[in-house]
């Protein structure tokens, strides 16, 4: 993370404000666990409304947390007055989505003026310890003139 | 789709039963629109709980619908007594998630005993007509001995 | 492909000139088979220098042809004075790379001023007929001020 | 890499033998730089036959090295009598392929009996130091009964 300097001193407020506007995060019960320039960690507790057919976290929940963690890691490095959109991503689902809660860690790999590449890793946390549920790669685009 | 013959005459019941067990589909308000061997179409109406920070469908909703459409397209071709899990996928988000509803079409590209490759396309539907929101590629794995 | 109108009447010359500059295409023995706005087909004959450990076309050859086909499909729709770079791609390898020759078809899915999304499909052709070796999704970026 | 124990004491010979059979590696001038269970580093020197239209390493060369590095990282953990095939991968190209040589590092993220997930990172090395050219995610499949 060395050298991941924010361009905007107000980056933390902008990330928290945008996150609070993502109503789907509230639907999932997701919250910000930790914030640093170029690194964002989100968490969500298990509940039955988030499951797939075998009772695990649905891969869509895993992917949504990963996407938001990666997206806000990117936004934390954008200049003021730029919004963030995901242009594409890829996820590998490594283990079933077990646990009492999930945590998703987004990290910027390559910041850029237009495109930012980030990774995201999702872990399931329970009495068994921690399991690596998913890893992914994301491309985010900075949209000038869009308030986030 | 020619040649996509189901191995199990009961395929439609198995797909509908498994879909009904995905509680996250109910959370999203998603439903099955059309079913054929190797092709599944899902739909979901817009509501504010599904949005990202600009008021569009969250990319996580788009991806979840795509994942389930592709997964059930794969399951429709599995033999009896095999469950389906997504091992990996990739999405390109082509346009913002606008519309009064989304429809997601999953199609099997290459069926297999262990791995099945499928595509998914998601469209936003509104008074503007239809817009191509996302396209993706998915690898599904058949899990013997797992009830779906 | 309807509606895929080139912005530059000189598009075909630009694609052929750039392709001729890709020395790696000559290393592979690849050539342009067909060109249309938003659609490019490349071909390459099998030779032992292109193989992986089981004697099939190496996945790297498959991917290279797919990448160039998708990239030139994108470039065919760019305005004059813009070069093309691949920003990311994903390939699913559907069947072993068998055949006396491969053909790779790149198609633009969503043209854009900055980013263009394209697909590519690669087929092996031999006395067995034709087999679908690989399918992929690509994001290309238009670089203003770079001669291709 | 802790805990990445090879199942076959003969793993190094099997990796080196299979690599030597990949004729496309010789075409690229690629060689093994370092080997450990679950981690493989390959290198290749720049030469004009490997370039794209702007004179950089072609993305296909980058991807091929990444694919082979990831594939042999996976194979190093397979049991005896199992060959390796790439089922799918995704690459993000972070910087142009500059340098006098490239090095590609493949690492197993999640070993498995059937599927193994690995990452690969490619670096360009020159008098400018080292630049991160690409990062990718790969799924490899273990093929019983196939000699590698």
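Going in written order, the chains are labelled A, B, C and D, and every chain counts its residues from 1.
Please note the rule applied: a contact is a pair of C-beta atoms (placed from the backbone, for glycine too) under 8 Å apart; a residue touches a chain by one contact, two chains touch by 3 or more.
Just so it is clear, the structure is predicted and the values come from calculations on it, not from any experiment.
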item: A-B or A-D - the one linked by more C-beta pairs in contact; value: A-B
item: Farthest chain (mean CA position) relative to subunit C; value: A
item: Subunit A and subunit D: spacing of chain centres that average the CA atoms, whole Å; value: 28
item: Cα-centroid distance, subunit A relative to subunit B, in whole angstrom; value: 22
item: Where subunit B touches two or more other chains, by residue; value: 87-88, 90, 92, 117, 137, 139
item: Graph class of chain-chain contacts, one of line, ring, star, complete, other; value: complete
item: Contact set on subunit A toward subunit B in their complex; value: 18-19, 21-24, 26-27, 48-54, 58-61, 63-65, 67-68, 83, 85-93, 96, 146, 148
item: Complex contacts: residues of subunit B adjacent to subunit D; value: 87-88, 90, 114-115, 117, 137, 139, 141
item: Subunit D contact footprint on subunit A (complex, rising order); value: 90, 92, 94-95, 109-110, 117, 119, 132, 135-137, 139
